[in-house]
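Since the structure comes first, as structure tokens, the remarks are kept for the end.
Which chain is which? They are A, B and C, in the order written, and residues in each are numbered from 1.
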Amino acid sequence: MPAVLLAVLISLPFWTPSRYWVSVAIQALILAVFAMSLDLLLGFGGMPSFGHAAFYGMGAYACGKLFPQLTGGGLLAFLAAGMAAGVIAALPIGALAVRARGIYFLMLTLAFAQMVWGLAFQWTSFTGGTEGMSGIPQAVPDWLQEQGQNVWPALRTAGPFYVVALTVAVLAFAGLTAITRSPFGRALEGIRENEGRMRALGYPTYRYRLAAFVIAAAFAGLAGATTALYNGYANPSQLYWHTSGLVLIAVIVGGTRSLLGAVLGAFFVTIVQLVISSYTEHWQLLLGAVFIAVVLFLPGGLISLGRLGWLRR
Amino acid sequence: MSEIERYLDSKLGEDVDRRGFLKLSASAAGLAALAACGGGTVTPGPSGPTGAEFKLGIVLPYSNVYAELGSSITNGIQLYLNKVGNQAGNRKITVFKEDEKVSTDDAVAATKKLVEQTSVDMIAGYVLSPNAVANRDYLTSNKVPTIIANAGANVISRAKKSDFIYRTSFSNWQPTHPMGSYVQDKLGLKNVLLVYANYPAGAETAQSFRETYTGKFAAADVAPPLGYTGDWAVWVSKITAANPDGIYVFLSGTDSVGFLNKANELGALKNIKVTGSGFFVEQDVLGSVGDRAPVGAVSGLHWALTLDTKENKDFVAAYRKAYNKPPDVFAMDGYDTGRVIVDALNAVKGDTKDPTKFLAAIGAVSFKSPRGDFKFDAATHNVINPVYIRELVKDPQLGYTNKVVATVAGVADPGK
Amino acid sequence: MNGLVFAGLVFLLAAGLSVIFGVMDVLNLAHGSFYMLGAYAAFAVVSRTGSFWLALLLGPLTVGLIGAVMELVLFRRLYQRGHLAQVLLSFGFTLVFVDLVRSWFGPRTYGIAPPPGLGGAFHVAGANFTKYDVFILGVSLLVGAALLVGWRLLKVGAVLRAGVSDKEMVGLLGIDLGLVFTLTFAFGAALAGLGGVVAAPFVAIHPAMDDNVLILALVVVVLGGLGSIEGALAGSLLIGLAYSFGTFYLQEFSIAIVFALMAAVLVLRPRGLFGIRT
């Protein structure tokens, strides 16, 4: 299935009816990276974060705050800055948060994220307040820009940046897959299932959980940096609990404990939101109904549809 | 008007509103129906426009906390388009609406959809400054002629002025700048306290006031967070404690309603001259606070419901007829936005292939608006218009409303 | 005083959330929507009949009924599936409710005046507060006291407390847990509805009013300890004061302070101020 999805995504710019769908795919890919990072925490680590937007937003703000300095370093400098911002924020927050479990972990992460949001929203002199920071360059490498314009003249800047977003998403998928399949990933799942036993076996469970938290934050920061580059701004709404809620919902809708599920969920949420909201004023009603229907009829999320299909074959 | 009447009034208005929206979202199919309901006479045919369809994209909030503004502006634009039969320069004008919602990500997605999927010929809208600013580079690099119909950030007329963007509404600097000296010289206030929502628009307003008011301030500014949900008494008591002879207020929507209600309950404004940027006592707010309105408040704004000109009376009458409620300043901004688009399209005879020419035509539009003389500033792309100094009164027919007491003609943003 | 009044409002909201949370272990993001529905119910009743007192009766009843239906039809199916399913379901409902409210009442902001007799203000020893402030405080103290007494003394309280600590046990005792849950959910919703009605003359009524209060109520409940009425009281007080005086003295950091407080309590006392140690 990942191969099919990848093939569809790679070929998208060649058959899409308009460049709009490339823009949509870029947004969905960014949300996918963000959702996969949350799934490492939620699905594999059993840590339901309701404050993951903190690290996504930090990634975006790092680009916004540092873009005069980072521009010389190009794309990689921006992406690295986003990841670093995620890690720097996650170390103290994680050190305190991963002690808590379940609903308390959920609330603690919410508290920390809202704290960061409060600063971005009100501390105007440092963060730009409600208007945030704008004018961040896309930082697409020159060679890609030129090649992109030649290959997809109709796509304008969306084409080259699509390559960036897709590459980031594929690398994130590969990286997170490697992590979940490594001994570390297996230990993390062991801790989720039975922490006491893992501790008895000599695993430093606190450090494992903290490491998972920091890695997830790094990838969330990566997603945040990508969105800042693509849209050109960092803004408090990227840190607000709505954003944490959106990514949480993408993961649940897609299906937890599966990176592919997170990707599917991200695409589903992005497309459904965009499509519904331009056909009716009552997009909230329909979107709400869709979420309620998914809870009731697809307990395992969208990914369970795929599994059913696989079995039947 | 009683609470019930006001309620019924607005209910009726909303019904019309909703029907209007649904017809619009059915785009082409809905156009004929819409023209019919607006009283226009365009049936595309031998006498109708023969040029290509002109696609007007609108990005305004239709959900969440700013939905009321979005609805007013849309009503205004639609009212003018209906008036001219939804056509100009031999082109049929079709409106495509996208929801600005509240977060910038949504506003950006809405803009991209209109530009890339619908391939609109131009965009109008943007209530929130962060959304206007965040879309600015995208609109500019994609060469989309754009009219901002509300967002007030000064920067749009200054450092981030764009060749492709004009503004029909105001810069935050504009309504307040004449007020500082008026408060000081005409009202004779010597010890003023600034009250504003703590976000960039509030700060820009305060800055603008300080440019022309040179007197004393009673205390440090009272600046609650934007969208404050706590107890307004906290802020009101700060005013009481400072004991100023007047306050200058920049609040809008729910913030203004919360503030005025509490201040009235506490009787805190009885011995204080209330002044401000007109939004805190605009028709939308007055409809919500009812008898708790601060009668006698003096405010600056580029329009008033009671403006006694032919253009304004015609506009107010037409708006009431179409939507069954009085317009507010946002509806008026929308109406002028519609007019600018139509006039510019007529000027280029419908030829918008060269965006530079079309933009030049937009910049050259000038007319007698409901707000008075309307023209664009070539240097800032911002509107130049009068600012009216208004006093809040209880009118036997109109209920609580603002009456013009002085006019400052041709107020233009300084551009830096 | 000003912080106290706001704390009273937050308590009405948090108490319901805490009861639902504590007894049923349900994380209900639509709780802010119940508050919004209560405020709109107040507006609808007052604008038609002019009677605030009728609204005070009908508002909570209507919202409680909506809550009962939601529990019976939907939440009931999800108890086995944990918090994430509830998050998704109740988030879906927040969207549905906000849309319905906007469809019925339009996007505009409404306000209603305090009922006759409760308008105006007191000026005592330099402090200013409105008569309606005193009413809010009175209602929330009354509700708080009734809950505390009910929780401790009545059989209902005993069953609910047992529900908090051991669900199977209650089932074995032959008590219909399903009915208890429906009633609990309806009661919690009605409390939020009551909060909405009481808040209506105090705030601006608009379709996004559920948003901020939901997070504040969550903060309070977690601060106080899940399912603890004392905790909800203490938490409301803390947050009400912090939110009011934080914005007052620490302008740029006021919001951050509220959440820093929440984080600090959770780090130091992971089960909240009054939570049961496990």
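Assume contacts are C-beta pairs under 8 Å (C-beta built on N, C-alpha and C of every residue); 3 or more make two chains touch, one makes a residue touch a chain.
The structure presented is a predicted model; accordingly, all values stated were derived computationally and were not measured.
**Student:** Of all the other chains, whose mean CA position lies farthest from chain C?
**Tutor:** B
**Student:** Taking contacts as defined above, which has more of them, B-C or A-B?
**Tutor:** Taking the two pairs in turn, the one with more contacts turns out to be B-C.
**Student:** State, to the nearest whole Å, the distance from the C-alpha centre of chain A to the C-alpha centre of chain C.
**Tutor:** From the centre of chain A to the centre of chain C is 32 Å.
**Student:** Counting only Cα atoms for the centres, state how far chain A is from chain B in Å.
**Tutor:** So the centroids are 36 Å from each other.
**Student:** Counting only residues that touch at least two other chains, what does the list for chain B look like?
**Tutor:** 18, 62-63, 102, 198, 225, in rising order.
**Student:** Two or more other chains touching the same residue: where does that happen in chain A?
**Tutor:** Chain A, residues with two or more chain partners: 121-122, 124, 283-284.
**Student:** In chain C, what residues contact two or more other chains?
**Tutor:** Answer for chain C, listing residues that touch two or more other chains: 98-99, 102-103, 251, 254-255.
**Student:** Which residues of chain A touch chain C in their complex?
**Tutor:** Result: residues 42, 48, 96, 99-100, 102-104, 106-108, 110-112, 114-119, 121-125, 241, 245, 248-249, 252-253, 256, 282-285, 287-292, 294-296, 299 of chain A touch chain C.
**Student:** List the residues on chain B that touch chain A in their complex, please.
**Tutor:** Touching chain A from chain B are residues 18, 21-22, 25, 62-63, 98-99, 101-105, 108-109, 112-113, 116-117, 119, 129-130, 133-134, 136-138, 141-142, 153, 198-200, 203, 225-226.
**Student:** Could you list, by residue number, the parts of chain C that touch chain B in their complex?
**Tutor:** Touching chain B from chain C are residues 1-3, 5-6, 43, 46-48, 50, 98-99, 102-103, 105-114, 119-121, 128-130, 132-133, 201-204, 206-209, 212-213, 216, 243-245, 247-248, 251, 254-255.
**Student:** Chain A touches which residues of chain C in the complex?
**Tutor:** The contact residues of chain C facing chain A are 27, 29, 74, 77-78, 81, 83-85, 87-89, 91-96, 98-100, 102-103, 215, 218-219, 222, 226, 251-260, 262-263, 266-267, 270-271.
**Student:** Which chain B residues qualify as touching chain C in the complex?
**Tutor:** Of all residues in chain B, those touching chain C are 3-4, 6-7, 10-11, 13-14, 17-18, 62-65, 67-68, 70-71, 102, 198, 223-225, 227-231, 233-238, 240, 253-255, 257-258, 261-262, 265-268, 284-285, 287-292.
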